[in-house]
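The following blocks contain the structures, represented as structure tokens.
One chain, chain A, links the two complexes that follow: it is found with chain B in the first and with chain C in the second.
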Partner chain A sequence: MTNSEQHTEHSEHHTEHKHIVEYGKYLFIWLGLLALTGITVSAAGINLGNWTIVLALVIASVKSLLVLSIFMHLKFEDKVFKIFVWVAMLTFAIFIFFTFLDYSFIR
Partner chain B sequence: MNTQAKVTEEKNFFQQSTNKYTGIGSWLLTVDHKRIGILYLFSMMTFFIVAVIFGFLIRLELIAPGKTIMEPQTYNQLFTLHGIIMIFLFIIPGLPAVFGNFMLPIMIGAKDVIFPRLNLFSWYLFIAGGLIAVVSMFLPGGSADTGWMFYVPYSIRTTTNVIPALTAAFILGFSSILTGLNFITTIHRMRAPGMSWFKMPLFIWSLYATAWIQILATPIIGITLLLVSIERWFGVGIFDPALGGDPILYQHLFWIYSHPAVYIMILPAMGMVSEIIPVFARRTIFGYNFIAFSSIAIAFFGSLVWAHHMFTVGMSDTAMFVFSFLTFFVSIPSAIKVFNWVSTLYKGSISADPPLLYALSFIFQFAIGGFTGLMIGVLSVNIHLQDTSFIVAHFHYVMFGSTGFGIFAAMHYWFPKMFGTMYNKKIANWAWAITTIGFNTLYFPMFIMGYLGMPRRYYDYLPEFHTYHLVSTIGSWILILGLIIMFANLIKGMRNKKDVAPMNPWGGVTLEWKVPSPPPMENFHEIPTVTTGPYDYSHYELAGKETK
Partner chain C sequence: MSSVTHQIHRDDYGSRMGMWLFLFTELILFGGMFIVYAVYRFIHQQDFHLAAQELNTTIGLLNTIILLTSSMTMAMSITAIQKGNKKLAIALVIITILFAFGFMVNKYFEWSAKIHHGIYPGSPDLLSKPEGQILYFGLYYVMTGLHALHVIIGVTILVFNVVYLWTGHTNSNYFVKLENAGLYWHLVDLIWIFLFPLFYLIH
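And then the complex of A and B:
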């Protein structure tokens, strides 16, 4: 008997989720993603200075969030998966922030 | 630490296969973490020897000004391969993949890592990446000549085989990520009953911190190297300024991974030293919690200092100020470790065996490497020292003088446990003395000549630097002599079946010293119950009696 088998007994109970998402909802989210893409393209044409990149990143983040939570079913998963995704997201955000300490203040 | 492991005459992991095959097949398809650790050990050491030979040739070329033994192009290719092999195939996998694999499950009281097959797959990825790097040397076009950093735009324009080298690094990155994933999950899920987080050995804490960096930072280098390949293949302007790209962005992305990678390399070595010092000082480690948290702090803050490699490339002043400040900040947890190691040694009953000697070399050389790191973290001084051999010396003091010696310390410390035999301690002491003298003779002159203006990576130099280069090259011969003696002694020890190692030759109290040497296939007959901390030397007398 391997350790992993032994520890299965102690592992958290994995509950079966029933998460049937209606097609209408998928279609609605898809249209939302298209709309957000449209906004990104239009906003790129407006000169907002440093805010251009902030706006693009915020819209991209919202789109990623929708894809992750609905299409990739993260919304219906265990808490531990959500925590891991958020840790990765937070790390990414920190890296972006520090990189833009260069780009935002460069003369 | 109280265990219920039974000591009986039984087959060890060398004698028991996890599959139906015998001989080489039983090794290539094994899922036993100890065998995979040994596979990593031998493949990694092979790559190490290749890269040492390249380093030796580089130093030989630099023994005198002008051409000595090779053409400038060959020189560029050799230092690139030396860097790629040493970093991606030796130091990064060094402690985690070899000793982490072998010892982690035993030290936390588990029978294996949580994903044994994934563990074997990681080794195959490691070998695939390594082979691609080596094969690229022999393909038409020649091996890459960009340096291990693959800086653009040169890496996009050179006609040498950059793509195979990038592919190798990309695949090796996956191996690293999967090992990290395996370790984090194993540490979370497989600890023996009673082994709370603060009863874990400090080597495990350092592996845990390292594994998080492996998972979070490695994908960034993966995608960056992929972008360089896309730019080379399709001419998309991402990093090349001639195509509208931004070369500084490449440097940001490269160092976002590669600076934390330095901590992937050194954190396990620090954990290793934290294991060795209390055992050979016969004292409970000083400041356990601080050492444990300093590993996490180094992993966190060490991930936020990457742009200190870029102070002279034209970044914004704000970025320079912030990154310089954070660089100073990361020295605090590093210093905490050094102070705690020295405090542990203070008034200890020190037994100067080879593992401790290598660990002491680590502390000495890490102090030099660390302090010179602070010097080049200062913005003004950095402008003078950037791209000189001072940087090369600093880097080698941290990577080889510290991590390399940490790996040697681990090899000498865990050798009797892994192979069940003993090496000649007297010869090991000599090898230690010669490698330490050789190492310092090789790299210390680089600090001086770098300060005086000797650029790094130059094929030729002004006559005023000749003496320093000569001393440095002689140092490389001494170092290699020490390495030959060390490896010969260890290989002889491995084959020496007469000098059987006892279960606990050093008087350690962590769990790996409670199982036979070499350990049986699943380590423990019964999972041990842990009741005390990992360095509790009030139990030392008892542990001493158990070995007799």
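And then the complex of A and C:
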């Protein structure tokens, strides 16, 4: 992993990294999340037709990315964790794709 | 060798990985419901819009802010224990628990109001509504209900972690249990990030 100022711990195979995220960074991310929530709520009031839901989902995805990478420390984890998450999300995307594919042909 | 030696075998890395794998099963659990939601909303657009007017956006927004803030205090508790600040870590986990209670109190009032207005699964008032609205409220109760169940489970896990911190079982050198509890808590937050706009913000 990235920086290991403290190379103190050794678990079985891996050097246990001890990445400390400062309080200020969390506060900053929290403010960003609140701002995005504000945008979602105000954007919902504007009539954008079918784009309203697209916008809501895009904002929700950005918020998720912030939570995943910073709050859940994914940014500081090994690459394998990130690959796992992408594979899981891809699997879910395939579910969505085939459900709608199936549905649009059945109707 | 390094200054710190371990008598006990442990694998924090593997522990966190196990937690992430578990979270993927949660993604599939809630994901399946989101797909059901998507299909029904696609078929019953008008009914979904009408039914969503019944929801209290203010309570939804308040609960969004509560959960986002609780996620921050949860994440901060890990920083605190990494720095060896036990008291602050405990305080932050307790604050997280209090936010969770706040969330559940809001949920209680929200659901009570709905039930008081005769809108609950299988109620005569609800069954007299068009099919799309019945489906909307069915999904609303199941999805926010399952989410609320996760909040309750999360609180239980956090209470255990307060004890672990208190007794020193979790400390600046060993905090993977707190990290995993945090991962679970953030997942609860993640799900709500999607539930809020999809149920409360359809105008």
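Some notes on this structure:
The definition used in the following text is that the second predicted complex is superposed on the first by the 79 of 107 C-alpha atoms of A that agree within 3 Å, B and C clash if a C-alpha of one lies under 4 Å from a C-alpha of the other, contacts with A are read in each partner's own complex, and residues count from 1 in each chain.
Keep in mind that, in the parts below, a contact is a pair of C-beta atoms (placed from the backbone, for glycine too) under 8 Å apart; a residue touches a chain by one contact, two chains touch by 3 or more.
All figures in this text were calculated on a predicted structure; none of them were measured in a lab.
Contacts of A:20 after superposition: chain C is touched, whereas chain B is not reached. By the touch criterion defined above, A:101 reaches chain B but does not reach chain C. When the two complexes are superposed, the chain touching more residues of chain A, out of chain B and chain C, is C. Within the superposed three-chain model, A:88 lies in touch with chain B and with chain C [touch as defined at top].
When both complexes are overlaid on chain A, the residue A:45 reaches chain C alone and has no touch with chain B.
The intersection of chain A residues touching chain B with those touching chain C, taken from the two complexes, comprises 7, 11, 88, 91, 95, 99, 103. Residue ranges on chain A touching chain C, taken from their complex, read 7-14, 16, 18, 20-23, 26-27, 29-30, 33-34, 37, 40-41, 44-45, 47, 52-53, 56-57, 59-60, 63-64, 67-68, 70-73, 77-78, 80-81, 84-85, 88-89, 91-92, 95-96, 99-100, 103. Interface residues of chain A facing chain B in the complex, by the touch rule stated above, are 2-4, 6-7, 11, 87-88, 91, 94-95, 98-99, 101-107. Chain C meets chain A in the complex at residues 2-4, 6, 9-14, 16-17, 20-21, 24, 27-28, 31-32, 35, 38-39, 42, 57, 61, 64-65, 68-69, 71-72, 74-76, 78-79, 82-83, 173, 179, 182-183, 186, 189-190, 193-194, 196-198, 201-203. By the touch criterion given at the top, residues 105, 110-112, 114, 116, 189-190, 216, 220, 248, 252, 256, 303-304, 306-307, 314-319, 322-323, 522, 527 of chain B touch chain A in their complex.
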